[in-house]
Amino acid sequence: MLFLLAAYAAVAVAIPWWQPRLGRAVWAVASLVPLATVAWAGTRAARVLDGGEYRETLAWAPSLGLTVDLRLDPLSLLMLWVVAGVGALVLLYCRYYVERDAARQAALLLAFAGAMTGLVLADNVFVLYVFWELTTVASFLLIAGRGEEENERRAARQALLVTVAGGLVMLLGLVLLGWTAGTYRISAILADPPRGGAVSAAAVLVLIGAFAKSAQMPLHGWLPAAMVAPTPVSAYLHAAAMVKAGVYLVARLAPALAEVAPWRPMVLAVGLTTMVLAAWRALRATDLKLLLAYGTISELGLLVTLLGAGTRTAALAGAVMLLAHAAFKSALFLSVGILDHRAGTRDIRELSGVGRRMPVLFAVTALAAASMAGIPPLVGYLGKEAYFEAFLYGDARLDGHRQLTVVLVIGSALTVAYAARFVQGAFGGPPEGAARRAERPEAGFVAPVAVLAGAGLALGVGYAGTAALAAAYADAYPPGPHGPYELSLWHGFTPVLGLSALTLALGGLVHLGRRSLPVTALLPDAQRAFDRTIAAADRLALTVTRHTQVGSLPLYLVVLLTTVVVVPGAALAAGAPPLGSPLPWWSPVEPFLAVVVLTAAAAVVGTRHRLTGILLTGAVGYGVAGMFLVRGAPDLALTQFLVETMTLVVVVLVLRRMPARFSPGRTMTRVRLVRAAAAGAVGVLVTCFALVASAARTAPAISSGYAHRMEEAGAENIVNAIVVDFRALDTLGEISVLLVAAVGTVSLIRVGGRGDARTPGGGPGGPSPTAHWDEPVRTWLPGAPERPGGERSVLLEVATRLLFPSILVLSLFLLFSGHYGPGGGFAGGLVAGQALVLRYLVGGRADLGAAVRVPASVVTGSGMLLAAAVGTFPLLLGGVPLESTVVTLHPPVVGTVKFATSLFFDVGVYLLVVGVVLELLSAVGVSLGQDMAEADEAEATAEDEEQGGPR
Amino acid sequence: MTRSGNRRADRVLPALRHVPMIVWLWLLWILLWGATSAVILVGGLLVAVGVVLSFPLPAVLPGAVPEPLRIGRLLIHVLTDLVKSGCTVAWQVVRHGRRVSCGIIEVPLRVDSDLLIAAVAEFTTMSPGSVVVEIDRRRKRLYVHALPVRDRRDIAHRRAEVQAMERRIALAVGHRRGVEDPGPNPARPDDARDDP
Amino acid sequence: MSVLLDTVTAVLFPAGAAFCFLGALGLVRFPDTMSRLHAAAKAQTLGLVLVLVGASAQMPGRHAPALLLVALFQLFTAPITSQIIARTAYRTHGLDRNLLLGDALADRLARDGTPLGGPGRARPDEDAER
Amino acid sequence: MTAVLPALPVLLPALGAGVPLLRLSRPVTRGLGVGVLAGVVGCGAALLVLADRHGPQTLRVGGWPAPLGITLVADRLSALLLTVSALVALAVLLFAVGQGVAEERRSSAVVFHPAYLVLVTGMSLAFLTGDLFNLFVAFEVMLAASYVLITLDGDENRTRAGMTYTIVSLTSSLLFLSLVALVYAATGTVTLAQLGARLAELPDGLRSALALLLLSVLGIKAAIVPLHFWLPDSYPTAPAPITAVFAALLTKVGVYALLRTQTLLFPRTGVWILLACTAIITMIVGILGALVQDDLNRLLSFTLVGHIGFMLFGLALFDTRGLTGTILYVVHHIVVQAALFLVAGLAVFRTETAALHRMAGRPRPGPLVVTLFVLPALSLSGVPPFSGFVAKLALLEAAVAQGTPAAYALAGTALLTSLLTLYAMTRVWTAAFMGRPPDRREAGPESPPGAGGDRPRGTRLMLAATAGMAATGVAVAVCAGPLARIGERAAEDLLHPREYRSAVLEGGER
Amino acid sequence: MTLLYGITLTVIAVSGIVTLLRLVRGPLALDRIMALDVLVTMTIAATAVGSAARDDTTAIPVLVVLALLAFIGSVTAAHLIEKREGMR
Amino acid sequence: MNTIDVTMALVIGGLFAVGFFLMLQRSLMRIVLGFILLGHGTNLLLLVAGGTPGRPPVPDGRIDDPAGTADPLPQAMALTAIVITFGLTAFLMALAYRSWRMTGHDEVRDDVEDRRIGTVRERAEAGSAADRETGGTAPGGER
């Protein structure tokens, strides 16, 4: 069985490649696979009908219950023949029908056939679902075609959504069913059906899926819409095969679930209602395909009723009707396809007299229609007899079977009526219009119709074979109270025969009186319901999205902060853990620093000047650094001071090119209050959280362990040892951040590619007349003379000349002394960076270039490379990454030199930081005065806007 | 002198001009470490030489031989001045506060060297009560904001003070010519160039 | 020795602190940027130097020079900042001309025919205006 | 040699990140990136095998034992996600090189490659680290790189989006750091393996407040509703490969961190109602958002938000099956979302618009592109037999097995979301890949992306990368069996982290 | 001695607060730069006193760095102001 | 015993409040300032909530009792955090600058596409355009 599926898949995939060479022969090739399937099934039939079975298994994801279990049993066999037989004929038929996209359609039809094959063979609920959805997808693709027409796309989407929705519901049902049964194997579930409330729920869910797939009311709307697909597709998917999947599932599970609470009422109610109403609707259709589509819905209703009823006779009738319907409905569809193809229309009102123009087609179509109407000795009649028998003499389980029989009679009569309407409408009347122009179909075109119609006759006449096939499935049920029902063309003059006759008579009457039929549509307009559902979903989506996704960053942040405050805050408030007994302060200096920090921070809020803002922020930073010092963190304080200065420099260098004041935004007081409340709440939360958390500490901090390991680390400064050794990985990450931030900053600032343009400082007023007074005479910094005199200062240049080497020595000191005191690569690098800032500031870009003759990115890159390489190097010696060793050397003169190899890591950090500073400088490093005119303009604009009132 | 000796001298002499800076950097290194172990001494020398060589800058030479005694005197003067005028400013804060009176004074200088002018400006600004507002390098003038300044006499007095400071500085670095010169001479060459 | 050092500290610390305070007071009390600069740069620096010397007296011998180094650097860099600020203040009208007894620089600029545009008063930014 | 494997996924890209800055030629830079990522994939795979056979692979970085130093831990979950993520990163890199995003301007050649490798460094570190603070650092590394990438060569729109993205991410980072501080305040350690026990001793209120703060913080990174707003406003504006790698990886790292920390630090029994509700809301709001979008990338971004809900689904159940489902879903989603964004990139590259209503009027992409879209689109919608189905099935089974009302609510919402995802996908499909091709080409495309010159070459590499991703998606479905088993064992590990703890805390000293 | 340190520190701290007033009030950005500079000076002084009081030398590198480098920020900021205002 | 004192808790809370208030503004420069302040806040939190205060964790030639020494681990972590914050601050500044260069302001404006979807009428117009192309079920159009 697996090889069958593989064959379908392989040929389907290969067809697009073969098609250009094969031309129309591609259809014949494609049909070989289903033909082979029919034959293969034939070889297995004897044993299967004898009560045997064939199994194959392929593990997929067994722990999830996903095992590709395949099983050939009587029901599968029956379905397999239907699917493969009709499939082969449809493919052969396509040779004449399909004009374009042959490769695509052949591949899809074959893939679909393969999926159906898998579906009917599946013995695992999930595998069944897999193939189920594959048929859905294939159906979508076949309906949509190229999707050039709006209605094609729409119909395809509708079919997809409805059946997938049903499928999803069914999936949940299947999971529930399998979970309750303890197995996802269908045969095992059937062998030992689970019971209980969960199973009822599962049954309902599964039925909904089956109903959607089989176009049962009220989920039927997609099937008529799907008639936009090419007729072979309609014949195969939407008559013979795919829509049977739901019926098949009902048939498959009914032996296990028919006795579960809502199964039978649901099946009977939905099935019979659908049968009658859809048949009624078919009587009003003027498009032949639509007529057949409603007819199909009606028949599917009947099949659901029969196969879901859960008695032997009903199942027998269902199996027969399944075969019958596959044969006659696909024959009829194919017939319509020929009409459409040759006459160019399939509207009853335009077709007239085709019967005389195409007598053979007329004959075989009529034969198929007769089977649909249930005229003996066709198979349709066999089925009709059986289902009247099933309901008329149904056992007690078919509650209210007499009333149900009446419904069946009405439905069957209507079927007779629309069958007549079909034949009459398609072929009747004098030849005129379209029919006269129509070209006669080739024999090969009609042959599939003939074969299918003939099959109806053969199955009827050779009822013994039909019976064997159907009974093999139906025997899953116990025989009814009157013993097992036998199929036969003649049971004698029984009430059932009377009912059959009655349906024909009634049907004939309805057909004759068709012009006086009431025009009320008894069927709800499923199309509109679907459209409304979709529109409602879209409206809901729009409403929800409009109110959540407003696009305003401040609002997003307010929501975010509120969430952060409310969610953990509520837990904290609810738990109310103790605040502990905190000291008012650790050192009496703290309150002073606190005043500085908080005052400056508050002042930042009030300012409208960018520069003032950054200066005040700097004050906060210095205050915080002071706190670091007070709490015994000189390393932190050192870094904080350096970073603060560097931040000031970077911000100021950027600000140089931006307006002095903030853009004058007008914010409503209410909004400001909301923001303040959110921010304040976070402040309160953090305060409480910090107190509570620190009060809760019971275990000692693990950091007490560091002091004992300092010898091994070869250092005295624990913080530095942590940074470069114990937790060097943090530092590696940290410098990666720096690297990438610097790289990003450069790329952001060098926008527009005019970063290098140099405009001598001077806007409207020009530089101060004194600006060039203090230009030095001598060269103190190599690059400085390249600057305009107005930007130079003798004091600064002399001082820089003196300070620069000293600062570098200081930076190296910090780098090397980091192991013993505050310092380290980062602080050292920043100090060196400050030296370069000074050079840049005083001597300009050229002087910075003279100081460092390597591109900034090379310095950064080598820093990163060095740090990472130092981390990786121990691997070569068989050590672990970022491992540090204490090295002791005895060079001459000096005596003993002891250092940890983590020093080289620190050197990498140092280099990287220097490089980053260089990158930042080179990014913002255009001569002072650049862009000032622009900044001024922007500010003027902003001022105008401010005066002009709110925007 | 041979040619090669000349060339060597050409190389050695400029290098020698960097010795003061190297010495200072070495000293700085030692002071920072606060230790004089062999590793630190040797390392410091390496660092100092390395920094000077890796980041070449024009040499800083006062143009004459500094006189340690005068340097000492200068420092003492500066420190006492610092305290003295520190008190003055402090008194101004306490006494006058919002009604302080000041003036901007033009001080012509006699030295004509970037370095010395910068030094004068530096020391002037360092000493309380006077801040250099502008330096006119070519015309050798400092514009000093002085506080407190009540009358013309104060102005003259402050100007004289700055000029006295100038003289002390020039003498301390052994730079007599600049001081002895009677007045400002814009055409005077740079100290670096008049160095033999 | 210790007593002597303690005495040095005991004298220098309060003195330094006092100068710090007076400097801060001047920063608040003086009427314009230029005069505040005096308080900021002078009294402050002096105070700091006194405190540093006082502290170095208490430090272990090998660290004392480092504190003096701090004083040295502070003495060197503070005037630079002051000069730049003073220069900027003058160029950007950051001084109150009403306090000036005389302005040789303005006279000079007038003689050169390049007066610094705009009349007297300092221009505070909006923060202060509100 | 295998002992140091956990470090290589971090160290290799970190080493590689510095190299492009040394101004090497383009082929070298590209080759380096590809080589490094291939190496990371290899390491990840090796770690996965080792972790699955021999338990968590640990490495004491610097040789220091756990509470003092940082220990890298590759257990099944981290190794699995690392491998898949690195694979995606590799494909995306190829795509980016093909599209020329990496070298649109001369200067950005030294931006993209370092930033991209740093991104991978951060990602690997986040997966592997066994230390809470180091996890924060890892996030920062990853995010810093992402800030740079999202604003790469940015126009006005991209800059604006970059602001939103950066600022929200920074906010979450600050909160994360505060959380680390609070955790250390309460416990005195940041080693994950140690934290579980120490946190258990805390008062309930504090403990659950910490758990919820962590949830909120990681929720921002993982884009959980209502903390998701930033995502659809920012991701879609980036160049296609960058959007792809963000969508595929960044949020997943957040989910991973959520899985790791909630199970290791705040274990609970039974369904987590708050998270269940959040998951439901996330699914609904996300997928509804997708329905109204006209911009292809935005639409996909909203589906991303919606499908984060699926991952929370399993975590909310907090049992083996649920976590298995989540793990499978994460793996599936990484691959499929990347493939979708890449194919969207292809479509946009060819039709020169991302607006669905305009795409319809443009020349249709070829059948190959359609196929490349169909596979991941169906997979995302959970249509069998693709990977999304397997993952969804695992979640459904978990929900049914648990059988609580919350579980059923989750299952129902998940199914509805699947359906709506399919609806959204069909909208894309019908708009972008169907419809009548225009009779004449519209004059003047509004935004010609990339340099016109070497487009065919670029397109081929882009196609190959996309096809690779789509194929990987199929492979995930095919290998669902082994994946599910590994996922199940990984979930077991998460729920019973004894092995994890002992691997980190016990064993050899330096 | 403890009292001495206490008094010194308090005076310096109060000076810091007084300086803060200027920092917050401005009115010129130059005033703020100056005030920030003074704040740094105070920090150095206070730290020196604190180091003496705690007999702790670890803060010395911090002081050296501050004394040597704090002026760079001020000079940069002053430059900005001159460039801006100079044009008017 | 609390490792954190009331003053510190208040300072940290204050920094968080002010910082987040600034983060909630539209001007990116204010956001940068807010971010810097928040960085200070978190670093302080890390330091003070993390460990006991005391002498610097540098032995300084003496052997101190570990009890009187400050906890070094939070210091190291804060050190890392400071550096990261610095790098990101620079990047944010660059972003502000770029925004200003491209748009003439550094404000974080609302998302255009969101606004478009939020505006029903506009959406209806776009939606009807989409309908024609994509199959009639595009949302929101008043048909």
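For clarity, chains are labelled A, B, C, D, E and F in written order, and residue numbers in each chain start from 1.
Everything below uses one rule, namely that contacts are C-beta pairs under 8 Å (C-beta built on N, C-alpha and C of every residue); 3 or more make two chains touch, one makes a residue touch a chain.
It should be emphasised that the depicted structure is a prediction, and the values quoted were computed from it without experimental measurement.
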| item | value |
| --- | --- |
| Starting at subunit A, fewest touch steps before arriving at subunit F | 1 |
| Contacts common to subunit C and subunit F (chain labels) | A, E |
| Closest chain to the centre of mass proxy, which here is the mean CA position | D |
| A-E compared against A-C, more contacting pairs | A-E |
| Centre distance in Å when subunit A and subunit D are each reduced to the mean of their C-alpha atoms | 14 |
| Whole-Å separation of chain centres (CA-atom averages), subunit A against subunit B | 74 |
| CA centroid of subunit B to CA centroid of subunit C, Å | 19 |
| Separation of mean Cα positions, subunit F and subunit E [Å, integer] | 28 |
| Interface hub residues of subunit B, defined as touching at least two other chains | 28, 32, 34, 121-122, 132, 134-135 |
| Residues within subunit A bordering two or more other chains | 153, 157, 534, 537-538, 541-542, 545, 549-551, 553, 557, 561, 609, 612, 630, 634, 686, 690, 693-694, 697, 701-703, 706, 726-727, 730, 733-734, 737, 740-741, 744, 746, 748, 765, 768, 770-771, 793, 795-796, 799, 802-803, 806, 810, 813, 817, 821-822 |
| Residue list for subunit C, restricted to those that touch at least two other chains | 18, 23, 25, 37, 45, 63, 66, 69, 76-78, 80, 83-84, 87, 90-91, 105, 117, 125, 127 |
| In the complex with subunit D, residue positions of subunit A that touch it | 59-66, 126, 129-130, 133-134, 136-137, 140, 144, 146-148, 153, 156-157, 160-161, 164-165, 168-169, 171-172, 175-176, 179, 198, 534, 537-538, 540-542, 544-545, 548-551, 553, 556-557, 559-561, 563-564, 567-569, 571-578, 686, 689-690, 692-694, 696-703, 705-706, 709, 712, 725-730, 732-734, 736-737, 739-741, 743-744, 746-748, 750, 753, 855, 857-858, 860-865, 868-869, 871-872, 875, 879-884 |
| Interfacial residue positions of subunit A with respect to subunit E in the complex | 588-589, 592, 595-596, 599-600, 603, 609, 611-612, 615-616, 618-619, 622, 625-626, 629-630, 634, 637-638, 641-642, 644-645, 648-649, 652-653, 655-656, 660, 761-768, 771, 796, 803, 806-807, 810, 813-814, 817, 821-823, 827, 831, 834, 837-838, 841, 928-929, 932, 936 |
| Contact footprint of subunit E on subunit F as seen in their complex | 55-56, 58, 60 |
| Touching residues on subunit E, where the partner in the complex is subunit F | 54, 56-59 |
| Residues of subunit E touching subunit A in the complex | 6, 9-10, 13-14, 16-17, 20, 23-24, 26, 29, 32-33, 35-36, 39-40, 43, 46-47, 50, 58-59, 61-62, 64-66, 68-70, 72-73, 75-77, 79-84, 86-88 |
